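Below are two complexes that have chain A in common, paired first with chain B and then with chain C.
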Partner chain A sequence: MEQKILKKEDIGKLYNEFSSEYKFYAPIKQKGNIVFERIENPDDIVLDYLNSRIPPKSILFPQMEVLFEYKLDDKDVEITDRQDLDEKFMIFGIRPCDAYSYELFANFFSFHGNWKDEIYLKKKENTTLIGIGCNTPRSTCFCTSVGGHPFNKENMDVFLTDLGETYLVEAISDKGKEIVKKLSWLSDAADKDVKKSEELAKKAEESFVTQIDVDTIVKNLEKSFDHPVWDEISEVCIGCGSCSYLCPTCTCFDVIDETDQYNNKGRRVRIWDTCQSCLYTLETSGHNPRDTKIQRCRNRIMHKFSYYPANYDLLGCVGCGRCIMVCPANNDLRDHLAKIEKIGKEEKEEKAVV
Partner chain B sequence: MSNPYIPYLTRVKSIVTENKVNDIKTVELEFKNEEDYKKFDYIPGQFAEISIIGKGECPIGIASSPTEEGTIKFTIKKMGTVTSAFHASELGDIVGVRGPCGNGWPIEEMKGKNIVVIGGGFAFSTLRSLVLYLLDEKHRKDYGDITVIYGNRDPGEVLYKDVLDEWKKRDDIKVVLTIDREAEGWTEEVGFVAPIVKKVAPSPDNAIAVVCGPPIMIKTTIAVMEELNWGPEAILNSLEARMKCGIGKCGRCNIGNKFICTDGPVFSLAELKELPDEY
Partner chain C sequence: MTIEAENKEIEASIRDVAKKMLSEKQVDVIIGYSQGTLPLSSTPIVIRNEEQVDNLIWDNLCYINLARYLAPLMPQLCDSEGNALKIGIVSKGCVGRAVNLLAAEKQIDLDKVKMIGFNCNGNVNRSKIAMEIGEKEILDVSITGNEIIVKGKDWEQNFPYSEYINELCKVCQVKIPSATEATCLGECQQLESINDEFADIDEFEAKSTEEKWDYIKKELEVCTLCYSCRQACPACYCNLCFVDQNKPIWFNKTTEYTDIFTFHLIRSMHLAGRCVACGACSSVCPVGIDLNFITRKLEKIVKTRFNYTSGLNAKTLPPMMNFKMEDAEEFMLEED
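Up next is the complex of A and B:
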């Protein structure tokens, strides 16, 4: 593996190499939060962040996205497909959990036979990820419990490690090797740099306090659809949907037509939607398959930890902890999972007492 | 690959008002491009996402049979924004169509079996498609006896009177029509669907039943069929849900780990018993 060193002051140089070929996105500070934005000034880039508030899913799956545009004639309609899907994206400074979420998105959007979501998949194909390891995971992070790691390089093209004064640069994929080749001005990494990055990875891994037994949870959920635990889990939820809007693996969307009546044209758009909203499943007849909060809270957790494993043999959670961070009612997914993990055990203990 | 959200464009070729209160219409659509029509290769029981572009899109079962070549038909009840826009549409208007979506009736597995079609009210559209398909001269020999039991609130609500009249003239299909309570001029059965099914008592031997209608009708009918010794594998339902994409992406039509739009809408009663009761 080729390992190089990038000086912190040279990030602008790296940006200049790629900003004309790629739509270059990176984390910046905005109104006190870290968000991924298209970069105009590389001095804005912030890499020593803990995690962005809005996940970078918003780059490839924006909160509002045009599916196609239309022109309405008196007795005719003209449809124009998206013309921008060949544009190339470079996402700089993405964390391993968020990089993995793109894989989950691509997996979900290419499922179901001939119906592939070309809009997302094309963008994903044209995206290069220059990610960075997490030296200091947040207290809400639990990626190691769901199969991830703060230094997971698998889904990256190029991987950076913050060594203090410099970044260690590793080319991971073929695409990444081409990128590193273009940065011919990078200096070679010394053995001590590589060793330091390994130590940082180990230290980060050891800093996790959360240990969740996901296998038991997946198994318990298979037979817990009607378990009273859902009453408890949904009790303090206020149904705002923040947990799912800001979840990097939540893919649900609504579709509406936006028509400019005065100019006889418009666009069909998709907008982030959430299974936590009671309108989400409300049918025109008035019937609603999930009209209670218990059902909606259950659906969110079942989807990620039961339906996802059943359908794709994957977990629908990357352990980023955003749902814990943003919940205005202090709901903590880790507590919910701990309750689910206990389901079988408690019953056994009760039996033992009797 | 191509953008799966872009509809084929069709034009309204005919509009038929199906009921006396005038809230159900059947719209016949002709594809603008012959090529698109060829790509729209469907079987009975599938649905499509149809749209009045500028107003929105909604999932509707295909009421025509693939054996009725040249056009496709949808029976639409005026309910919300999009269906109201359909009711306001005129001949020649453009309609967007995406699909066909969903699995459809298992016409291959049904071969060699007696078929019992039980419908209630407005839910008869994909049953119309199925029966027309079964009765087509190319397919009739592949299937055994065909029995249709179709119930409505009153005579004014009976859909597809023209095809029903044709079926009644044939000797290779038994058609039983019923209405909830007696009405002037009505000479056929009177009573809810479930007791009429009990009276007709279709045999479960080597048979498949297709049951579509309002939830209460389905519930009572299935109870009767269980009394008649029908097994859950032989009873098929078609489910509905709020849908946006119709192609397994927008998320909202799941029952457990299944999506009604891509795994269904047709499920056997045996399959439904395995799924959570959340539909």
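Up next is the complex of A and C:
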């Protein structure tokens, strides 16, 4: 593995190397929040952040995305597919949890039989991730409980570690090796740099305060569909969609056609949907199987911790803790999972008493 | 008295009244605030028996307007036959205003709702604090004396409460619910009218059209249309919001600025003369939009034209829902 050193003041230089070839995204500060945006001035890039308020999922899966445009006349339909799918993306400064969420998306968009979502998959293929390790995970983070790690390099092309004065640069994938090769002006890393990065990774791992027994939760959920715990979990939920909109793994979308007033040309767009909305799964008959917030809250947790493991043998949560941070009612996912984890235990205790 | 001492007093009075209400079976459940799991927040709680009463708190971090849980009716707040339970509701002044508004608009039956009133001393402006702290994790927030103490792993920062109180709380004139003893235990007062101050809006109005447009565009541009503001708003109780009407579709749900702008424009128009100035919309917005600023402009118009302030009693309907023969309508005749 090639290991190099990037000086903090040379981020602009790195940006200049790639900004014409790639659509270059990185974290910046916007209205007090960290968000990933297309960079115009590399001085805006903020790398010493905890985690972005809004996940970078929207770079590859925008909240609103045109699928194709169409023209209609009496006889025929003319469809124009997306022409911009060859564009290359570079996402700089992404955290391991968010990088893994792209893998979950790719799985979702290619899993269903022979159908593959070309738009997402093509964009992902054309994306290069220069990630950065998480020196200071938040107290709400729990990636280590869901199979992740603050220094997980697996889904990255290039991996950075903030060593204080400099960044350690590691090429991970073949794509990443090409990138590092292009940055010929990088200096070589010394053994002490590599050692320091290992220490930082260990320190970060040890700093996690939230530990969740996911295996028990997955097992308990299989038989808890009608459990009264859902009444409790949803009690103070106000039914907004923040938790799912700001979730890096929430994939649900709605498809709408927007036409001109004569109905002879238009575009088909997909927009984010959320299981917390009253329109979600509303059937044409007017019936909605998820009619109350109890059912909607259940769906969100079931989807990530039960349907995902059952359908894909994966967990639908990367442990970023954004839903915990953002909930206006402070309706904490960690509390919900703790309640679910306890389900079997209480019954066992009751039985033991009898 | 310091803010810390006031909080202790308020908390004790809330618990006393709550205990009394439950023991005398005046209510079946009580909605209040409890300790949150995150600093700079609290979480609403539904109390069902006297033993749980000590979970009720007051700590200037109680943002959600609890009247939100009254309408639309929560399934958890009904008995097994679907009838509404008798609910006690911890009421700062703006929760009281919302309860009155919902009663006036016939959304709740005041016979089934009892307020626990107290003299609210405001909420912390958490977005201002979070903004100033920046990218460091806040692990603990407490009020000592008149200071907000914010702590992280190896740092501490103090903020004077008087400066870091919510802007709306600074100018609030309804700190105690406006109600009678029949509907409100604890502290209450009967207000006929108030003299709201709109200095911030006056300042905004003095700007040029372009500046105003730029400000609103900049604020709203980052909206993700998650509808948290609508969901947190006690006055937004429609069974089906206009954005969710899909037969036919009234409203496009893309994130293009026109759609975002239309949503906020229509929502604020629906709130004209109905907003209870609780600031829940601004405090819950995940991207930090000061939504209340827009509704405040409409409040000012309603105040100037109709001398009306929402939620001061449970009878008077807001002007936009009411019709009077003597209503001024010179604006219809204006020629220019």
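One rule holds in what follows: the second predicted complex is superposed on the first by the 343 of 354 C-alpha atoms of A that agree within 3 Å, B and C clash if a C-alpha of one lies under 4 Å from a C-alpha of the other, contacts with A are read in each partner's own complex, and residues count from 1 in each chain.
Keep this in mind: a residue touches a chain if its C-beta (ideal position, glycine included) is under 8 Å from a C-beta of that chain, and two chains touch if they have at least 3 such contacts.
Since we're looking at a predicted model, the values are computed, not measured.
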- Following superposition onto chain A, is the placement of chain B relative to chain C best described as a clash or a fit? fit
- Message: Is A:Val326 touching anything from chain B or chain C once the two structures are fitted on A? First, second, both or neither.
- Response: second
- Message: Looking at A:Ser20, would you say it contacts chain B, chain C, both, or neither? Reply first, second, both or neither.
- Response: neither
- Examine A:Glu283 and indicate which partner it touches, taking first as chain B and second as chain C; both and neither are also allowed. first
- Message: Quick check for you: in the superposed arrangement, does A:Leu246 touch first (chain B), second (chain C), both or neither?
- Response: second
- Go through the superposed model and pick first if A:Asp254 touches only chain B, second if only chain C, both, or neither. both
- Message: I'd like to know which partner A:Asp48 touches here: chain B for first, chain C for second, both or neither.
- Response: second
- Task: Classify the contacts of A:Gln83 with the two partner chains as first (chain B alone), second (chain C alone), both, or neither.
- Result: neither
- Task: Examine A:Gln63 and indicate which partner it touches, taking first as chain B and second as chain C; both and neither are also allowed.
- Result: second
- Taking the C-alpha centre of chain A as the vertex, compute the angle to the C-alpha centres of chain B and chain C, in steps of 10 degrees. 90
- Note on the structure: After superposing the two complexes, the shortest C-alpha distance between chain B and chain C, in Å, is 6
- Task: Overlap the chain B and chain C contact sets on chain A and report the shared residues.
- Result: 254, 256, 282
- Item | chain B partner contacts - residues on chain A that touch it in the complex | 67-68, 70, 72, 75-77, 79, 81-82, 108-109, 111-113, 115-119, 121-122, 225, 251-257, 259, 266, 268, 270, 273, 275, 280-285, 287, 289-290, 295, 299, 302-303, 306-307, 310-311
- Message: Under the definition above, what is the set of chain C residues touching chain A in their complex?
- Response: 36-38, 41-46, 63-64, 68-69, 74-76, 127, 130-131, 135-137, 139, 222, 224-228, 230-232, 240, 244, 246, 249, 252-256, 280, 283-284, 286-289
- Message: Please output the residues of chain A touching chain C within their complex, sorted ascending.
- Response: 30-34, 46, 48-50, 53-54, 63-64, 136, 138-140, 231, 234-236, 238-242, 245-246, 254, 256, 258, 269, 271, 274, 277-279, 282, 292-294, 324-326, 328-332, 334-335
- If you look only at chain B, which of its residues touch chain A in the complex? 1-7, 9, 51, 53-57, 79-80, 83, 92-94, 96, 215, 240-242, 244-245, 247-252, 254-257, 259, 262, 276, 278-279
